Amino acid sequence: MEKYLYTALFAPLVSSLFVALFASRPKMLFTGVIASILIAISMVSSFVLLIDVNTHGALHVNMMDWIVAGNLYIPFGFVVDEVSVIMMVTVTLVSTVVHIYSIGYMDHDKSFNRFFSYLSAFVFSMMILVMSDNFVGLFIGWEGVGLCSWLLIGFWYHKHSASWAANEAFIMNRIADLGMLMGLFLIYWNVGSLQYEEVFATLKDLDSVVVATIGIFLFIGAMGKSAQFPLHTWLADAMEGPTPVSALIHAATMVTAGVYLVIRCGELYSMIPDVGFAIASLGAFVALFAASMALVNNDLKRIIAYSTLSQLGYMFVAAGLGAYWIALFHLMTHAFFKSLLFLGAGNVMHAMHDELNIKKMGGLYGSMKATAILMSVASVALAGIYPLAGFFSKDKILEVAFNEGAYFLWFALFIGAGLTAFYSFRLVMLVFFGEKEYIKHGFHPHEAQPFVIYALLPLGLLAVIAGWFEHQFEGFTTRLLARYEIHISHGIEIVLIGATLCIAVGGIAFAIYKYQRGGFSKTWEEGFFYKLLSNQYYIPKVYELYIMRPFTMLSQFVWQKIDMKVVDFTVDSIARTIYKTGEKSRKMQSGNLSDMLRWMVVGMVVLLVLALFYRPMA
Amino acid sequence: MEHILSLLVFFPAVAGLLGFLVAKESIRAYGISVSVIEFCLSLILWIGFDSANAGYQFVEYYAFIPSYGMSYYLGVDGISLFLVILSTFITMIALIGLSIEKDIKNLIISVLFLEMTMVGVFLILDVIWFYAFWELSLVPMLYIIGGWGGERRMYAAIKFFLYTFAGSVLMLVGILYMGFLYYEATGIWSFALPDWYLLQVPFKAQLWLFGAFFLGFAIKVPMFPFHTWLPYAHGQAPTIGSVILAAVLLKMGSYGFVRFSLPLFPDATVYFLIPVAIICIIMVIYAAMIAYAQEDMKQVIAYSSISHMGIVILGTFAMNAEGITGSIFLMLSHGIVSGALFMLVGVIYDRRHTKMIRDFGGLAQVMPNFATVYGIMLMASVGLPLTVGFVGEFLSLVGFYRISWILTLLAGTGIILGAVYMLVLYKKSFFGQVVHEENRSLKDLNAKELSALIPLVLLVAILGIYPKPLLSTIDMSVQKMLVLMDQKAIEPATKELIMKANSIGGTH
Amino acid sequence: MITLTHYLILTGLLFAIGLVGVMRRTNLLMLFFSTEILLNAVNIGFVAVSKYYGDFTGQMFAFFIIAVAASEVAVGLGLLILWYKRNGSVDLNSLQMMKG
Amino acid sequence: MYEVIAFYIFSILTVGMFGIVVMSKNALYAMSALAGGMIFISGFFFILDAEFLGVVQIVVYSGAIMALYAFGMMFFDTTRDVSEKMRSKKIAYTLSIISAVLIVAILCMPLVSESIEASYPAMENVGNIQMVGLILFTKYLVPFELAAIMLLVAMISGIVLASKKMDEHLAIEEDECEMLKEGK
């Protein structure tokens, strides 16, 4: 089975390196095809491994040593167990679709080859992240996806906003990575190893404060990658990248890495329920917070990005409350329908010549039937309507929150579900139905190439059916992850599901009702809340005003005032003093022997005085 | 193999002398071939090196002035081996990538002499000779900066020379006092480092000696607040000078800490641990902030060097195998990465005759290969895993975490700030539209530059993925040194700290 | 009783007289005379110490000092004459080549 | 008792003579006083049982050196008074007095090295001259020979320097002169 493991892991790397050879050449179609095929091979291998793990259990290989110093031993080791194989399958599946889709999407881009090189490199990093058997290996993938994300967000580097967003994403992630590194250090110095197995085996011997600290540090890392508040601003800005990138990285895979980390460290977090509850609370907050921002945004991709943020919040609620398999389940289903949503949005953008303002669209259904249907399916799934994928996973999370007695969290998520349904359908309505605004702006939309649509079909299918495998999924993953018992009586459960469905359907219905009639009146946009939400709670402004500008000013100050005017000036003034002393005392050398003799006598007097008063210690 | 160390040290100097006889047209080829031979010699040294032996190897010993204990004493161990290879490698790369035409003969001869002093510093075990090589290394560098530098080259060269010289003079006093202490304790004079290792220095004397050595090393590193010579030196030096200065000369200071301060004065090291660590953290953050504010591309990298050296020193003072091994590895990786970055700045300077960031923009469109290489080096500088930069930085920080978590956290902000200034630099100069017309016609890397840069890129990747052969060799010698420190320690607190720093468990 | 201190005080006095000469005189020849005084003052000191400690090293030193003084006069006078030939004066104020 | 009287007489005479040397305006007087002073110093040597040195003092100083000075002075116009421009006499005198006081103060202080041990102690029943010979030709043989060579060199150089013709200038000196002129 090892060969499948290595195939799954290294096929993307081979793809990336091979395509990189042609990176600076003009478009070559075969690069995209070969990259897609190699990723597909990786996907097939992942499925083979899924079956294998199901029958034979986890697979663990140690490829080679990496860092060996002192007591520290870090190998390149890979483990394929119930959790990682689910991630592998999800990642490679979405990646394959995105690769194929990109052949169509990037058709006219002059950096076609470069794009596929980066995209495959991302898949490789993600595979390392999920397959590694130790924390540092995970960190390699963690940073690797960060790098690829930087490259891909800034793919159109000639755009100022793109390169700015890329840097923002990288730096925000770095802040969180520091927290994660601290967590790793703490683990190492308490356990003496960074292998998952050994760490989890020795955790129970540790002081609970230490475990809690580790948990917090690791979660800080997860917050960066998964764009949790207050490090969330980069995700919306990351939409500057090409849309397939948003689908793959900023919806389906990379941003869920934080959730994956918490699931992976489930044994750790289950020891510290308080920290877990804090994570869940933050998750619930973000779920609501992001959903509220999605309500008013007019940028097609940003709406979906906020939706992603909100769904990540749901995942963290589940993971924080100890329902790890449910978090993983939602992660998977979300990957399917959210990437579908993004890719559909990509089609729309293509049709609209990269126009993103949904107010300028409307009535696209006429010209883009397939895309409209796929996106609607994805939106329904996202809203959590039975029997689509989102219903099963999201509803479970609400149940968990209720089960834990965290009614407040439950309520937040409940409201969030309504908002989700509303903004999803606001988007669908504004884009595909209603008045044909695009005609005013002179667009001529057209449907994407057929193979692009066919590539999306698997995702569409999965968005519908993925939820039906809930019980198999639970059985499979709980072999490794902690089981989660729900103690709610059947009656209440039905009521809860009913309530959730109602609010979701209500949200949808409200959106359809409102936007059929041309949406909200202009007066809404004058309101305080509207402004607050559309400015993202002014958080980016706050960051700009109170972090970036002061930092720049402080840097200038430190350089010009402290380094130049104090430190360097001190050094120079020492030199200048010596120089000036020389200049002044130069006059002593009048050249007159009498004067010199006089100075000699002065020197002698000084020495005599010293001889008289200074007695060295005998 | 018996005299390979002497050969390594003096071959470049002899070749440099002979270089006066070589015709001007062929001097470049001559210089490159000498440096290649020297590099091969250092590789032979590595091949012949017994990596299971933690002690000194290939030792050569001749009594030089026996009545005063001076000897010609060469030896190599895991700590110095790779620094020697780094020196020869960087010299070779720098000569390959050399683009100066003016008075090239003297320049190449200066570089070869510089190579002798660098290799000498790392190989010599007699402290008087060490001092001699240490000081001699200033002279060729003074010529290189003063002769081929920018507009304010004289100011920069003299500042560089006097500043570092002032520091090392105090070190000389320390050396003499240490020799005297040895004489007092044993009745014979000796300036051989292995002899000194056996001497237990009284605590008070350790403090003074540590201070004297510290000043010499700290100025060379350069540590805050003794760093101001570095930006001038880098700003004015020609590319080859900056490359060697950043890649090797700064490492002499940090090597000095590992070779002298730690094993000779373990108690003083522990006593001054926290103050030094705080200086390191100031260096990391302060230099990173200044780097962010710079307008000159070369200055950004110069200040980033200071920032990285802060982590190197921090790792050295971690007092455990992880930290010290990591810091030595970080010296190597910083040598490779900063050398490469300075070469890259040199590449663009040769084309545009400016280093100001505002004169660039959109370079990625006109020079894709250049942008790629620059990007790789930038990522290595930022410390991305699987590049060479990560291993050393990770180990250094891991090591120091055992001493203090809060200081490690503060030092860790260096990796954030590092990303900030590097990415901003990259964005400003490579991304965006081409604003200046002159930049449209820039040529991408030529064959000569590629042949200098590709080995560096390969090294960045290879050592990032498989650092183990280096790490295990370094680790062996470092562990031996730690045992020595533990045995020599006088104060119980020192023993306790070394014990704690090297054991697992109980960290908060 | 004459003790060593008497001699040393005398030496000091003579030396001071020599110093006065060294500083006061600007005629080079006179300057030479003053340096002779300095040398002789020291000589007395050496011999006195030699006597009172019963050690001959002092006398040896005095002996060599006399030799040095003789050579000095020989060379010094030669130079002085040369200078006089060139400048027609042996005044110090005509001699300011070492101005810094 | 004679010793005391002799010491004081010689002291007064020496100080007086040297005072004249330093203060006199007439070169001839100064030289004569110097010669006198030298002879009185030899008196001290005799008091201090250093007969050989006393003789050497008279022979070398009063004989050879003073003769040299006398010959040297023939080159200069010695009949005229020496005209010296004294600048800031006060400083000179103050410095001299301070140094004199200091020296005296130091010398009057109890010596640090009371317990000094003679490395060449005077032997019983060996005369001064004999003793000098013994030491000079054993321990100080090399310095003695060197001193001899030094004297020879000095003599030759003195002759060479003094015997240059009046109008003959060295080329370097001319350059120097011009440089000086240009400098001013």
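Should a chain be cited, it is by its letter among A, B, C and D, assigned in written order, with residues numbered from 1 in that chain.
Everything that follows uses one rule, which is that a contact is a pair of C-beta atoms (placed from the backbone, for glycine too) under 8 Å apart; a residue touches a chain by one contact, two chains touch by 3 or more.
In UniProt terms, the chains line up like this: C = NADH-quinone oxidoreductase subunit K.
Because the structure is a prediction, the values reported are computed rather than measured.
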Pair sharing more residue contacts (C-beta pairs) when A-D is set against C-D: C-D
Longest centre-to-centre distance from chain B, chain (CA-based): D
Between chain A and chain D, centroid-to-centroid distance (C-alpha), Å: 95
Chain centre separation (chain C, chain D; CA means) in Å: 4
Whole-Å gap separating chain A and chain C, where each centre is the average of the chain's CA atoms: 91
Mean-CA-position distance for chain C and chain B (Å): 58
Set of chain D residues in contact with two or more other chains: 91-92, 95-96, 99, 103
Per-residue multi-chain contacts in chain A, two or more chains: 594, 598, 601
Residue list for chain C, restricted to those that touch at least two other chains: 19, 23, 26, 93, 97
Chain pairs that touch, as defined at the top of this document: A-B, A-C, A-D, C-D
Of chain A, residues touching chain D in the complex: 594, 598, 601-602, 604-605, 608-609, 611-612
Chain C-facing residues of chain D, complex: 3-4, 7, 11, 14-15, 18-19, 21-22, 27, 30-31, 34, 37-38, 41, 44-45, 48-50, 52-53, 56-57, 60-61, 64-65, 68-69, 72-73, 75-76, 82, 84-86, 89, 91-93, 95-97, 99-100, 103-104, 107-108, 116, 118-122, 131-132, 135-136, 140, 143, 147, 150-151, 153-155, 157-162, 164, 166, 169, 173, 176, 180
Chain D - residues contacting chain A, complex: 87, 91-92, 95-96, 98-99, 102-103, 105-106, 109
In the complex, chain B residues that touch chain A: 159, 162-163, 224-225, 227-229, 286, 289-290, 292-294, 320-322, 325-326, 329, 362, 364-365, 368-369, 372, 379, 384-386, 390-391, 394-395, 397-399, 401-402, 405, 408-409, 412-413, 415-416, 419-420, 423-424, 427, 430-433, 465-468, 471-472, 474-475, 479, 502, 504-508
Chain D-touching residues of chain C, taken from the complex the two chains share: 1-2, 5-21, 23-27, 29-30, 32-34, 36-37, 40, 43-44, 47-48, 50-51, 53-57, 59-60, 62-64, 66-75, 77-82, 84-86, 90-91, 93, 97
